[in-house]
Each structure stands twice: as C-alpha cells, then as structure tokens.
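Right, I'll just put the structure down here and ask away after.
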Amino acid sequence: MATLHTVNKSPFANQSLLSCLAHAKDGDTVLMIEDGVYGAASGTGLADAMVAMASRVALVALQPDLNARGIAAARLLDGVKTTDYAGFVELAASHDRTQAWL
Amino acid sequence: MEDDVKKFLYVNRKAPYGTIYALESLEVVLIGAAFDQDVSLAFLDDGVFQLTKSQDTKEIGVKNFSPTFRALGDYEVTKLYVEKESLDERGLTLDDLQEITWEDEDDDYEEKPSIRIVTRAEMADVMADQDVILSF
Amino acid sequence: MKFGIVVSEGPYTHQASDSAYHFVKAALEAGHKVPRVFFYHDGVNVATSLSVPPQDERNIQQQWSAIAKDHGVDLVVCIAAAQRRGMLDENEAKRQGKDAHNIAEGFRISGLGQLIEMGIETDRLMTFGD
Amino acid sequence: MKFGIVVSEGPYTHQASDSAYHFVKAALEAGHKVPRVFFYHDGVNVATSLSVPPQDERNIQQQWSAIAKDHGVDLVVCIAAAQRRGMLDENEAKRQGKDAHNIAEGFRISGLGQLIEMGIETDRLMTFGD
Amino acid sequence: MATLHTVNKSPFANQSLLSCLAHAKDGDTVLMIEDGVYGAASGTGLADAMVAMASRVALVALQPDLNARGIAAARLLDGVKTTDYAGFVELAASHDRTQAWL
Amino acid sequence: MEDDVKKFLYVNRKAPYGTIYALESLEVVLIGAAFDQDVSLAFLDDGVFQLTKSQDTKEIGVKNFSPTFRALGDYEVTKLYVEKESLDERGLTLDDLQEITWEDEDDDYEEKPSIRIVTRAEMADVMADQDVILSF
C-alpha cells in the first residue's frame, strides 16, 4: 500500500520537498518533476538531508526535466533513479495512490 | 471497497488570502459532501493558518471565508486533521483556531469537536490510508 | 487502468499544464485510459480559444484539443473557477450578458461535481499544479 | 511624486492585483500621481472583460477600470504576455483572425517599451507579483 | 539612500523573506505584506532570526493583511511596526527605491 | 542623474521552465536595451539556474531560451552579476554556467566576460546602487 509522491518545486526556494520527505512512509516513492528535480543534484546544501532519506524511500527524478535544466547524470545524488514520462505513468499505476506536494 | 465508498482526503498546505487555493479547496469540499464518500481534511504546513480565529478581511477587500469552516459539520464533514508540528513551528495552539464542531446524531446529537490535532507521524498515517488525495 | 487528471495552473506561466499533457500522452500510449481531465484554479485558462503564442512555441490549448479529439478525453473546465477568471462558453456568455466567449473546441464547462465523480470513477488521481 | 506600478499576477488567484489596487488608491488619495500601471505575466488576465465573479466578491477588473476613468491612470497590458494567454483587443483579434476579444474598457494593449518608459519617467517603481 | 523592500510570501513556505533580510542594508525597511505578514509573528520557529535582524533594518507589517489573517497586535514580534496602505505609500515615497522580493 | 540615464537592475531569483518568469524577464531586458539606460542583471537564489550550460528542453516541449543569454552582449547588456553564495548552496561553480561575453569597442573589440561573480554583500551593494529595480 505505497504512495507515489510528486514534488514540482525547487527545494532551495520552497519547503514542499522537505515536507514531502517528512511525511513519506517507508517504501514510498518520491518523484521529482519540473523545478523539483533540482533536489536530485549532489553537492548542494540539501544533499546530505536527501541522501539520508534515500534509504527509506525511493527517490526518482524525471529525466526530461533534468535535461531541460542541464543537470547531467554525473551530478545526480547517489541512490537517485531517473525515469521518463512512460516510467512516470508506470510509477503512478504501480503505487496505490498518488499525492502531489504543490 | 465498501459500497463504492472511497476515502477522499483534501490536503491544505497553503495560507489563506495570499492565494485563492484555500478558498477554492473549500468550494470543492462543499460540493464533494453531496457524494456520500468518506471525507477527511488535512491541514499542515501553512494550511493550518486557514483555521485561525478572528480573520477580518474588510480592509483588503477579499471575501472572508473562514466562517464557512464552522458550517462543515452541517455537510457531514467532521474530520479535520491538523498537524501539531505545523502549529508549533508557527507559534500556534488549538486555542488560536476556530471552534469547529458537528452534531453526532447517533449520540443524542451531542456536539463534538471536528478538529483533531495529530502528530506528523499520525498525519502520515492518515495520508497513507486514503484512496483519493486532492492537493491544494 | 483509469487515470483522472487535475490541472491547476494556467498555460505558459507554470509548467503544470505541459507536464499533465506529457503524462496523459504517455498514459494513453501505454494503453491506459484517461476518461477525463479537470481544469481548476488558473487551470481553466488552458481552455482559452484566444491564445496566440509565438510561432516557435507550443500551442498548449491546441495540444489539449487534439488529445480530446483523438482519444475522446473529456476536458472539463470548472464553471465557478472559470467565471471568476473570465472564461465563458457560448451559453454562459449569453446568460451573463457578455458579448464574447472564449472556450476552445474540445473543452466543456461544468461543475465541481465532475471532479469528485472523476475521483470516484478512476483508479488514480494525478494533480499538476503549483 | 510619480509612482509606476507593475502587476504580475492574475486576478483572484493571487492577492497581488488587490494589493496593487489598494496601493494605487492610497497613493492617489495622498495626492501622488500614478500615470501608468503595467500588467505583465499573468497580470494581463486582470484586463478580462468576461469575468463574472460571485455577487459577494469584488470585481477586480471593474475596480481597475473605474480608477482609470476617475483618475486618468493609463492601464497597459503587455501585448506579448497577453497573446500567449489569450487576451486580445478588437484590433489584435482581427489581425489574428479570432472571432472574439476580451480587453475591458480602460485597458489598452501595448509593448514592453511602455514598462521601461514607466521606469524612466516615474520616481518609484512598485512591483506586485508572486 | 535607503531601500524599501517588500515581501509577500510566507517565510514558512518560501525563502524570499530570508533572502531579503540577507541582502537588506543597515537602515533599509522591510515591509511584510500579503502572506509575508506571517513573518511578523512572535513565538514561531523563525522569531529569533527575525528579532536579530530588527536592530539593523526597520521591520514593518501591513495592518490590513495582519487583520485578514487574524494576527493580533499582542502576537507581533518586539520591534515590528505596523502601517496601513497610506503608510505603505509614504514608505515608498520616503525611501530612494523599492525592491519586491517575489 | 546624468543625461536622464537611470540605473536599471533586473533581479532574477527564479529557476527557468518551472515557471515563465525567467523567460519573460529576458524579453523585457531585450526590449529595454533599446532605451539607452544603464542596465545590469542580478542572478541570485534560484535565478542562478537560468545561466547553466547544456539545457535541453526538447522532451518537455518548452522553448529553450538559454542561448539568448549569450546574445546579450550584442544588445550592449554586459553586466550580469551572479551571487557566489547562491551558486555554492546549489553545488554550482562558474564552470557550470554558460560563457557569456561582450566585445569592448573601446578596447580593440576585445571579448570580455559578462558574468561577474559577486559575494552576497557585493550583491547587496549592487542592489543599493540602482534607480529602478525590476523583480522577476
């Protein structure tokens, strides 16, 4: 009974990603889309907090949004997976519910 | 699913008036009440500001919709989960929120509080127990 | 599987309506059903028939109208949100005494009940907003 | 003193256009001049002639049109931002082959140069946005 | 040569108020409007950081927005002043420039 | 004020693509360049993301406007202040940003860098030195 959480805001500007991570349950998936993908980068002021979460929840970033923002694969945090829109659909189908953190 | 009843959760994470999301969320709740689903409302992060007392919008010219929360009981919307950690961070307590009640017709029409203060972990449990989550 | 979609932000200003569009296309391509998309808040502005984006940019309204036509997706614009924001179909314009209407082909205006119904009748609800 | 005003968000969704309105009223009441208000980004939607807000809510477009009429404030809607978002005046509608237009009385469509000019010719520039 | 800064976003959701305070110069004024007025309340997780700033810059909150949100005078941080729209206009006129932190 | 020339600062604090502000800010800069004012651009907070290399928006269907920054020199827009603390917090360095240059016609058309990395304190000084500040 897992949830797919989506986050579409930059974690450097807005608290949504942190609030999402604080409410996600073990085994949930947090999908970063749109400006949310900035949360998937390594070497940032938030990286440690993100890595600490990655053991509890699956962290995924939407590749088309990473590409748009010029975030190369080499810059992604350890443990962050990527997917495309087809994979986004599969994630939504394979989880029991979805929750958008707007 | 029992009798095609789904669990609907309305998640309110934004402050009122600066943007319209809080008001338009409430408009969905009122319409949705006619559908006989199992409805809950969640107030966390800045959403807890929606429930505060003594809102007076006269000077900003925007409609004050906060009294409508007190009418939710009449629509059989009786479960308003409010996150304690969100209140704490904002310097608020239950006393700063409006009194919102509903009449339990199965219990001699006793007035019962609709607001249920929950911890962040309990809020996560409430969220994980839903069929449909509407985010505002 | 049936997906219900909520679009909560207007076109061009936020990426939400683009993301929703790409999600719906991918869902349909994977063989899923998307019976309805509900446009709420500023999302109602996606339905405007009067948009004239620059030649080198996508036309968001036309993308949605095409998906409605090709796949029978029901594009519902919330009437209450639309009235505030100046989005009217021909009937509403007449009823309100307005001399113009601006709801594009493939979109229809209806009530919030259609959002709840979508939540009841689909397997997953996706919200794209801000 | 002369104030130039930028409104960057649409009506009802954000408080920005309300705050700008109250600021302009207060500035005029204090004897200041507000030669122009420039509507940019989603702010262009404030100019819609098709809005029908609920009876118990303010009509934001009418408030602005009234201030334009009573105080000669020049309400300029950015043409590039307006075209994307489906806001057209009669001339633009004709030029684009659209059968409706939706710019309310008191507003006029013009280019971004009017924003820069406002910055040059006023003493203070105020931005209300999101 | 002082600046009037305006902030209209809740500091609990968004970084704008903190960024504004980090860039305001001694003698500037920071005016909280719309959802920005939540930053003017005492007893919050941000109160200490706000009080620390109040010695360097003038902190002002717009009374009509405080009223709308039910923030009573007794709850305001020490050192925060309030004003109405007329006072907002005066502040804009008496400073050399204005900067909106959107 | 010298010859009616005002100092204009365009403040960019938002990431590109998630919202349109960055693109519509750039559109103002291009139009504004015709007015012979003293123009500077500030990039801080998430605004620094606008200048990163290798943006490819094909799959999101949104126009990639990042190449336009490289054309700013032709419009005599040559002062792009980028805040170091904002870069640091986001794990970025000057190497992650596009190379943006202008030709100095007073110095034998030498190509000079338009991006000037400044500290937060220097950015505050730049802001305090303006006549008109446009915020995006």
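A few points about this structure:
Labels A, B, C, D, E and F are assigned to the chains in the order they are written; within every chain, residues are numbered from 1.
Note that contacts are C-beta pairs under 8 Å (C-beta built on N, C-alpha and C of every residue); 3 or more make two chains touch, one makes a residue touch a chain.
Every value quoted in this text rests on a predicted model; they were computed, and no experiment measured them.
The set of chains touching subunit C and also touching subunit D is given as B, F.
Counting hops only between chains that touch, subunit A reaches subunit C in a minimum of 1. A count of C-beta contacts for the chain pairs C-F and D-E puts D-E on top.
Note on chain placement: the centre of subunit A and the centre of subunit F lie 29 Å apart, centres being C-alpha means. Chain centres here are Cα means. That of subunit A falls 38 Å from that of subunit D. Multi-chain contact residues, meaning those touching two or more other chains, occur in subunit D at positions 12-13, 15, 19, 22, 41, 57, 80, 125, 127, 129-130.
Touching of two or more other chains is recorded for residues 13-14, 17-21, 45, 59-60, 62, 132-133, 135 of subunit B.
The set of subunit E residues that touch two or more partner chains comprises 8-9, 12-13, 15-16, 34-35, 64, 84, 97-98, 100, 102. Looking at which chains touch one another, you get A-B, A-C, A-E, A-F, B-C, B-D, B-E, C-D, C-F, D-E, D-F, E-F.
Only residues 13-19, 45-46, 49, 52-60, 62, 64, 66, 88-91 of subunit F touch subunit A when the two sit together in their complex.
Per the touch definition, subunit C reaches subunit B in the complex via residues 6, 40-41, 80-81, 111-113, 115-117, 119-120, 125, 127, 129.
Here subunit A touches subunit F in the complex through residues 8-10, 12-13, 34-35, 38, 41-45, 47, 63-65, 67-70, 72, 75, 84, going by the rule given at the top.
Residues 1, 3, 8, 15-16, 19, 22-23, 25-27, 29-30, 32, 123-130 of subunit D are the ones that touch subunit E when the two sit in their complex. Of all residues in subunit D, only 12-15, 18-19, 21-22, 56-58, 130 touch subunit B in the complex they form.
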